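Next come two complexes, and both contain chain A; in the first it sits with chain B, in the second with chain C.
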Partner chain A sequence: MSKRISRWHIFRHTSAPYLFIAPFIIMFAIFYLYPLIKSLILAFYITVGPKSKIFVGFDNFRFMFHDPDFYRAVRNTVLYALGSVFVQLPVSLGLAILLNRSKYPGRNFFRFSFFSPYMFGSVFVAVLFGVLFVPHFGLVNKLVAFFYSVDIKWLSNPKLVLPALILTALWLYAGLNMIYFLAALQSVPKELYEAARVDGANALHQFLHVTWPGIKPVAVFVIMMSTIGSFQLFELAWVMLDSSPGPDNAGLTIIMYLYQSGFVSGDLGYASAIGWVLTCGLGIISFFQMKVTGALSK
Partner chain B sequence: MIIFPFGKAPAVILVAALLAGGWLLLHPRGKEDANLVLWSFAKTHITAYNQALPALNHAYPDVKLSVKQIHFEALNRRLLSSFWSDLPSQPDLVEIEISCVGTYFKGPKEQIGFEDLKPRLVESGMYNRIVRNRLATWSNRGGIYGIPNDVHPVMLAYRRDIADSLGICVDSLYTWDRFIEAGRRFTVEGERYMIELNEQNVGSLECFLFQRGGGYFDSLGNVIFDNPVAVATMEWFVPLVTGKGRIGADLGSGQNAAVLFYKALEEGYYLFFICPDWRSSFIQEYSPRLAGKMALMPMPAFYPGGRRTSTQGGTMMAITKACKDKDKAWKTALFLYTNPEGRSRSFKKTNIIPPFRDAWTEPVFHEPNAFWSGQKLGEMYIGLADSIPPQYSNPFVVLAKGKLSQALVSCTQYYSVNGSSGFRDHIRKALTASADEVRKYQKRGLIE
Partner chain C sequence: MINRILLYAVLSVCAAIMLTPMIWLLAAAFKGNEDLFSYLFFSPRPTLHNFHKLFESIPFMRYMVNSFFVSGIVVMLQLFFSSLGGFALAKYEFRGKKYVMLLMLITMLIPGQVLMAPLYELLFKLRLLDTYTGLVSPWAVSVFGMFLFSQSMKQIPQSLLEAGRLDGLSEFGIFWNLVLPVCRPMIGAFCLISFMGSWNNFLWPQIVLNSQEMYTLPVGLSQLTGLLSNEYGALMAGTLLAVLPVGVLFFLLQREFISGLTAGAVKG
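So, the complex of A and B:
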């Protein structure tokens, strides 16, 4: 009896972890691992139509690196990512610092207000801003008209498409990143500020020597997630620009380029190659970000 | 007391899963008794088909049709994926829009997921009843893969009340030269434009390109949007939307701008706009305040006696190769597109004229329309239907539109800086560069 119990006991302890992770492993294998391997194989084929594919070796990659649209997509995506990191994140951090002050009246209301755009989702926001940016009759131009009598064609002028997208993304994502920063700020011990003040540190010194080191792990995480998210930009631009890359491909992003290649042109092989280049690119960027921010040194 | 070996939480999850699974097992989804499934993206079509179901069942008791509305993007993605993967979840009948039909024609001919309907069209006599140029859109390498739902001839719609008050005699605007001359007199920059024209996307430009007999591809699939017709059209078009002599403007393109287009129209921001038959019903629906203030006229020609229409948009009904009973699907498709009651109902709702010539004598197409100042809208569009230019579909048409758009932007920028000096050369270079990009993709992507 005791032998049976001990076997059962051993079985429980040895099998339990595998049973717990089994659902994830099965789902991961079916929906991630298999497509991942399949896409890697497909990247070396041209696929045309339902069942035709031809092995082309590295030709998909060669074609991509000679295609001006690919460079346009990379340029647009990088500019958008820079806009996200250098405009969105400082705004998010500023809002978080502002709303972290205990004496600030109505701070819970503002925290919710700034975060709320994220709850609407990017498709809704894209439709909304698509209407707001309409020339002559759109609200943005009505506001601009108070100061300048110009009719700005936000989504028709190739030079203004990216700024319009960055502004929209700022409204959409600033609140979300603010929440991350807010959580990080609240974990910085108050005593450190008191000690810094005793030592004569002004607000800038307190930020540089107390706040920033305290929130750095979260900041690194937010920067990386924003960068990766920016490189995955698709639905916001796609909906805002009415299912197109915009005038003169001004809103063409890497994912849009991938989508068009795979699902509009029907070349899943080329689309897979684009996907792998994007993955490798993101890996390299993330590595450098971690290196620069010192996240790897720990 | 029974103790679950892995703790309480997994026990709860297991119980919840068993309960949910058991419930689903005991309440299976009602099996559809339909023997044909039709997918469509157009709400107005769906409404018309559902209304026609009793008559369909009466005419063909063996047909049990299930009509499903699926979002435009989702329909195409699901259908393409089904074709590519040989999934069984394909409909028997499906409506496909003109902008994406080319994608279905990629690859070897025998792998096109739709049934070639040409033999059936010829055998049934439908082939000679349909506007011939309309079949071009749905044809590929000798096959015809759908029954056209429409012709979509284009006219110019205008604010009749404003035109009258300004003393514009629309009958005298029978050539574009005359139209532009009038436009320069009546356009007030930033306040009122003679015509709504897309400045950066190719929506308007391609309409004029087709009117002049040009296009993106010829019937053999060769890229032609850098030919002399395209160069001349671009040279003619750009000054209409750029510089001091401009007569056209837009509010951007697509759904976002469409929301405010009706407001702009009501405020008299535009006097004229390009209006295929389908768009006329949108104006009726979204700008009811303009009832009796609007009118239609044929497009001006590029030269006296020239073509006075173009074409924009389109839908076909196809039978998938996966359909098990193609005869049943064929007679259902024909019934939905040709039964007079359904057609009459559909026209009253959508203003879309059918592509079947023999249907044009039906009274509904000759009734005056109070919204359009009492004009016989159907009759006017029918009068132009046989003149529509052919529009050839191609797997690379989306790419070609994007490349033409790039050339348009380049030409617009050049013209706004340099005016007409060296403009034609620049157009040639820009169009050739864009067309070569498409040829590059074409060369690479063809597996015959």
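So, the complex of A and C:
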């Protein structure tokens, strides 16, 4: 009797993990894996809405690589991503380093105020900054007018759309990335700094030889995640530019291009093809980021 | 001393830049049309006109209820699927575990929008377009959530689980009665992160929903930008109300929120 119970126990123990993970896997298979494979198939079709489709082979990709709008979207997205990585991340790291110094009064207040923009969703930020960037009356231009008496048409001048988007993203995400850097900085042992100081290392040397090696894994993670996130730019630009790609397509992003062809024009096949080109592009970029930063060698 | 003054000066300027748009938003929501741009921040004549205008123009409260409903359901579903899955990954050895982990890692590198078209087609076949079921079900599982829970549950001592087994608890009983209560801080963090994600979600509701009365706040509010292109005040009132619920939660759960965000990045 007792033997049977213990066998039952063992069975329960060995079957438990499968039962626990099954609901997740089933939902994941239906709403992630199946669509993922399906999109690979759809990429070779032209569709009219979800109802009818025609097989066209590689035509979607051929069309894409001949479409000037696609290149415009890629160019805009890449510039925005570069802006995010090379403007936003240094600011985030700088803020984190300032906050990481020994405890001082007001530290929590500063941390909270840097981080708090992140509670705004990007749609709401887009609505708010759309108004802040209004020519002449908008707060941004009024502040600029303190220093320079020019009236900047942020969102109607094609040259200024991307800078406006990068500035908005800086406001929205700098604090979030700061939180990651701060957590990483706090995990660097204090004794290492002491030792470096004893050895006569200046601030720059301390940063290069103590701080950077200590935070590198997190920094690589943050760089990769903000690149991937930047390439998915959509609603911030879309809503800020009044549900349009902006003047002269200046705010057209890859996802906007995908959305317009898939859900405005109704070609789900072409939208899938765009999605896969983006995925492959990001895969290559992530690989190079890991290679350059040496994250692969470990 | 000079260092310290410099530090505070730099920090204060940065904090001012970060807070200014929020203060302006708060001020703008209570300014009349004629005052909106004539006063930099607060006007001496606060008014509720913008809110009246907002409620007249769109069924704003309906959108808010929709948003609460949809986000609430998504949080509960994600919490259920992710915590259970995370527990299996953290505390059991089983065949295929490696592949599940690998799969999760890969999904982090794939932009979710690649799924939009086939998901749309799937929902069309299932007749779920323009329904809440269709809106919610693709978001029922969160890979991030499962990862977060498996990370935090790994730290639970095996002896706690063994004690539960000796007491005759079933494996699910151990999960429900012993593991979940220990993970309470992580549950709080995850709920907030997941709630925010769903509350701010725009593209998917925009694609799935047709009926105006089903709109969530981001979709409803983005329509308003075209509708009231000159009523900036009403637009600001709507934005303020839309960020308020998350803002309150955020303020109360700041610490848990940060620990949740960093748990995956720093330890993993």
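General observations
We adopt the following convention: the second predicted complex is superposed on the first by the 291 of 298 C-alpha atoms of A that agree within 3 Å, B and C clash if a C-alpha of one lies under 4 Å from a C-alpha of the other, contacts with A are read in each partner's own complex, and residues count from 1 in each chain.
The criterion applied here is as follows: a residue touches a chain if its C-beta (ideal position, glycine included) is under 8 Å from a C-beta of that chain, and two chains touch if they have at least 3 such contacts.
Keep in mind that this is a model prediction, so the values were computed, not measured.
Superposition note: with chain A as the common reference, chain B and chain C are in steric clash. Measured by the number of chain A residues touched, the leading partner among chain B and chain C is C.
In the superposed pair of complexes, A:Ser265 makes contact with chain B only, with no contact to chain C.
When the two structures are aligned on the shared chain, A:Phe115 is found in touch with chain C, with no touch to chain B. Using the contact criterion defined above for the overlaid structures, shared-chain residue A:Ala16 touches chain B and also reaches chain C.
By the touch criterion stated above, A:Tyr193 is placed in contact with neither chain B nor chain C. In the overlay built on the shared chain, the residue A:Phe137 is in contact with chain B and with chain C. Contact with both chain B and chain C is seen for A:Asp242 once the two complexes are overlaid on the shared chain.
Once the two complexes are overlaid on the shared chain, A:Ser52 sits against chain B while remaining clear of chain C.
In the superposition on chain A, A:Val127 makes contact with both chain B and chain C. In the superposed model, A:Phe63 lies in contact with chain B only, and not with chain C.
Judged by the document's definition of touching, chain A residues 12, 16, 20, 50-51, 127, 130-131, 134, 137-138, 242-243, 263, 268 lie at the interface with chain B and also at the interface with chain C.
Residues of chain C that touch chain A in their complex: 4, 7-8, 10-11, 14-15, 17-22, 24-25, 28, 36-37, 40, 80-82, 84-85, 87-89, 91-94, 97, 100, 107-122, 124-125, 137-138, 140-141, 143, 146, 165, 170-172, 175, 196, 199-200, 202-203, 207, 218, 221-222, 224-226, 229, 232, 235-236, 238-239, 242-243, 246-247, 250, 254, 258, 261-262, 265-266.
Chain B contributes residues 5-6, 10, 73, 77, 80, 83-86, 100, 103, 106-108, 111-113, 190, 199-201, 250-257, 259-260, 263-264, 269, 395-396, 398-399, 402, 405-406, 409-410, 437, 441, 444-447 to its touches with chain A in the complex. Residues of chain A that touch chain B in their complex: 8, 12, 16, 19-20, 46, 48-52, 54, 63, 68-69, 127, 130-131, 133-138, 151, 153, 155-158, 240-245, 247-249, 260, 263-268. Of all the residues in chain A, the ones that touch chain C in their complex are 9, 12-14, 16-18, 20-21, 23-25, 27-28, 31-32, 34-36, 38-39, 42, 47, 50-51, 95, 98-99, 101, 104, 106, 109-110, 112-117, 119-124, 126-132, 134, 137-139, 142, 171, 174-176, 179-180, 183-184, 187, 218, 221-222, 228, 231-232, 234-235, 238-239, 242-243, 255, 258-259, 262-263, 268-269, 271-272, 275-276, 278-279, 282-283, 286.
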